[in-house]
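Take a look at the structure set out below.
Letters A, B, C and D name the chains as they come in the text, with residue numbers starting at 1 for each one.
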């Protein structure tokens, strides 16, 4: 247990530091803005992840611990009904205090207490030790999820500004010359086993239980759909043919007046894209990103294909190493945009874009939620959402895995979402 | 073909007459009201079903046929993008003309033309004959769906009126004395086959292809959840415990201020219910009806159970005869409310309430939509909806079957929706 | 008193009959529609005016009188807080019952009781006699206001229907060949007296007290602004120059996408207008109608003029006979649209269009409201509204007078509203 | 001219410095928040007032002047249609860049250029000199208006924060022991002259022309309505009696659920108030503040009085010296809340609360707007607003005068608005 606690202390420091590194390029004002209800201010993410450790790790376990500030429980609870009342989500951008530096103080104070708790881990009985270490582990994965949210949220915040500021500059982009049609990887179907067995390594509850699924034979594309593919869809009036679209999707794009992916805009007839590295022309070789499920579904129909189910995706991806340009400790060193490939064979499974599947987000057979607040983590969101798989360019290194189930409502696209095609075997 | 055409002519008359019988108790004003966007006026249903026959059966096939009125194509198209522009759905209640009697004339005129077409069926080649007969068949099932919509919509229309008028009166209700706890029917799981094989008898495209599904062992309740069961949930503050609810569901009931099923209201502390037969006290023995998916899901969680998947439901129900108090030709002779039972063994599968499953509405493996307007019938609605099974007290006799997939968004409850519990085998 | 009562009985019959004559061309469905929140169904107007007599005349005075139907007090109260709860205004179009014929029965029943009361007027003491006769008088003027509302509301209802039905047909329109620039009538200003002295003849409370006002010298146009004038404003991009507009007005026309008067639409580049007599090309010689205060104000600014104050208008108009094509007992015999003139000299003061003034609707100096429900008639609406003067083509004959103050919010235009220019004396 | 220019240079520095002094207690985050659409961020006020000088003073007159930043013309234009497109008002709180320090740089840069222009004033011809000096004067009064807006806006911003931060602390409040009923000052009426003669001293265009008005005899209260008076209104269920209210007002308070003045809230049954100096119990002796026109009007009706017209107010107030606790150069030294009085005789006319009149905001007889952008300053807002008079505790010293016409929509109350009663002479 002590070595596990030590290992956790090291990871705890690294993950907490990475959050601060992500916020470092941002001014106090940048960190206070909520550009739409889905977005949370950077400052809020920094405080909320700290509140998570304080509320679930420190206060219930560290003797005599008091809340750092009694108001923070109300301000920085995200959605835990079990824990008590909370500040309304759409008003997170109206809170000027605590300031950025007060939030930094909060982080330091809670970090000290978590470290103290891990130092004193042998004072607790076995059950409590296991509970504490499990909650710290959960808190770290929770914080890594918010690291990705920080990047996708600040991208939206900056994009709203008419001056189009970049999150950072100077990152060189790989140029890839060719854009071959995608190849296909075949699978014979049959009974396959998916999900996490919860035995070794961390997993969220929604990845369990590991269970059997019956598949029909299918094929899956070797690479992601590219911007070039998408320009073909647009040129063929894909955004203007209602029969390509789900009814809800058609109404949504009409109401939102969408005619291209998120963050695209035309300058003198040429499509440009706003990225965290600044504005530049759309590169046809790069994977398309910031498309909603409705758009991904319509594209697949237009292409004579379909989206894969999550079981199909996992079956094909499970054998592959989790690689890709995921965000490491130094966010200045990683591309914060999906990158092109000219390689052949199955690739781009991880670290480029979250890939929409055709699977609504429901519990696996036998799924149950844990007791208490931690049980609110995943299960209660199993409604009106679609599963995405893979992990994207903004996902922290080490955070994703083949069984990881991400989920968003089908009309959303401010996350780094793209797609890979599938089809029934001939 | 001639005998098939004759048989269709007979059924055509019967189905068309039944629509008019359903409208008969209603005044011209009753038939013009749209009490919420989901509801369509009775007059609109009568005209739209007629437009369906005119547009897809008469005009493309009957030589020299002209539209009955050129404006009707715009007014009475429901959602067929392929066919052209249409009047906005939320404004159907703002159209005073054509009047009820002009709609009656429209029905008579199109009936004559369909009859003429069926009389002259041998003038067409084999392919066209098959197409015409298939479209008439589809039109009849379409009209039967609208017969049920007429009843659920007019129920809402009348309920909005502070004078609480009944659709009809004088129907005697069965009194059942006992309300035993529900028994459970077990199933061993394994690979089962569900869906319609499209070989014999009519089916909608969304019921196909028939395909294999892998089930875990499960149990399903022998009867529907009753009002008495639901009063227990309410007494235990089921509408006030957020941890019982999906997050979307909790927000919905808070926003809508729901604390009981649809059409329930308290008079001096006693729960009453508005029905098509008038207002009366809630009967604990009757199946609960007009609950949303969110409510059904929360109830099941409260009861320590879950909703069945649609595959589980169909596997259990497929062996059962389709019976129940479904609406026959004389709507005055059928109960328009689910009825209680004191029998034991698996029952109430059909003809009482549509039963919420846990299955989001998606296409079966290999599902494809037809070309053209008919292809818009089902597939484009496979988003943000949940499957219901069984058929209800307002479903026309002969219209439902074990493979029938009904679907509604999870927050809706103006249809006759209830539930049956399931659970994993111990 | 008896002769006054007799005279009132005769007028009561005439006014009540005219309401029914206005409704006669309309089907039950026409009379049930509420095409926007400002509009009330014809059936509602017929019932509400009856409720007014029942509530304020019959029930408090006729011994042993009972409400015709206990539900009607809730359904047909418009806005009298003193009288009790009421059905929400925006839901008036959702009420299919009572039916048109039940409303007709209601009218007959209340008519009988009012007649009975007037027959028995000498059974009451003097104060009560005066009160009863005053309330019947008020009720008749109230009903005449609703007669005009019936016409302006049904115009909107019919216009919403894509088939553009006419309220009536066959009315010949006067052709006028010339359209001279308007002449100007001058006034020297000084202290003038306006308002009703409440001594002889009926007036609403908001027309009193008669009082002195100090005017600067001014000029007022001899005729109304015509459609030809308005086409000049449109041709000069009047709807596209923000500096011509009040800020609220500019936002309103941008939000509503207005670029022409109400009921105007272009067919192949030619402006047409929907009228109660059907659709026809815009006639440049006719007064423009269905313009909001915002539009009238912008037009006046564009024309280098301004709108008159209500005191200016009344001062000029008071000497003129109240004439014009006002609606008589037979609505089929009157034009229901303003008519052109080629005469010279001050004219078109009454009976064509309500003329926007520049005066916000406030109480005259010394104005007080009556006690009780009748006091809610006018005073509580003195906020965010603008005074209009004159009376229009849909105003019943005998209903308007020089001191009459009509009022509407500045963005509204479904009433028959137009304008006459004014300017400071050189 | 040179001495006038020198005098302006001195005042320019003083006024610009005062703006910065007002912002000094606020963090960068405080200055970025827009807590409702009516509110603008402090940072925006600081930039917009600078843009006003740059756009109307510097760029048209200083040779070779370039915009400080080309994006600022779009970001910091408030409502000048003549000048070009602008950033949407409700999104001012979504702009994190330019940062507070970049805005400070902008202020310094424009200050230098204005100073340079005033230094070189003798290089221009007489007409241009007059124009420049007039625009600088206008810009200073404009900036003073925004100084008051900064205080009323930041009050709302801070109040939204659940931690209830104070803008400043440590200001001692005057305790006044008695609260006598208000006395009344009488006026005989007749023809009076109001408005600014535009001859000496600065005035806004809406204060002109000076003109005659005819008044009836009236009385006006010697002091403002106090919190104690208001508690009496609340205790008499003033917020729950519809007949006290204008119809629009009643709907507004029902929709907004108002039952007390703005910033009031009850703690354990005792009313408290949020002020810029922090939260404290309501003091009955202090003038009530943050009430809407609707509330002021209802209170007056309840009290058997009415609000004064603006002509009545000006007639009585014109003879009085403009005094009161107005904000001087050091905002830490002035009370930012209205203060109580125990003196007798007419008082509290200036420097406590803006006093609602009964007068809708319209142009005076003969009022015309200037050409160009400056003409958009006042005239285009003459719609749906009510005049307030006096000046409040947040108004800069030297900024108000007897003829000053402030105006707000009748439902608003985030400004420092209160009331003084009036009544017709007996």
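Here is the rule we use: a residue touches a chain if its C-beta (ideal position, glycine included) is under 8 Å from a C-beta of that chain, and two chains touch if they have at least 3 such contacts.
From a predicted model like this one, the values you see are computed outputs, not experimental measurements.
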Lowest number of touching-chain links that must be crossed from chain A to chain C: 2
Intersection of the contact lists for chain A and chain B: none
Identity of the chain that, by mean CA position, is farthest from chain D: B
Between chain C and chain B, distance of the C-alpha-averaged centres to the nearest whole Å: 47
Computed distance of Cα centres, chain D from chain C, in Å: 38
Distance between the centres, which are taken as Cα means, of chain D and chain B, whole angstrom: 60
Contacts with two or more other chains, residues of chain C listed in rising order: none
Contact graph of the chains (line, ring, star, complete, other): ring
Full enumeration of touching chain pairs: A-B, A-D, B-C, C-D
Chain A residues touching chain D - in the complex, by the definition given at the top: 27-33, 35, 43, 71, 74-75, 87, 91, 93-100, 157-158, 160-163, 165
Of all residues in chain B, those that touch chain A in their complex: 79, 81-82, 191, 211-214, 216, 242-243, 245-250, 294, 358-360, 362, 365-366, 375-376, 380-384, 410, 424
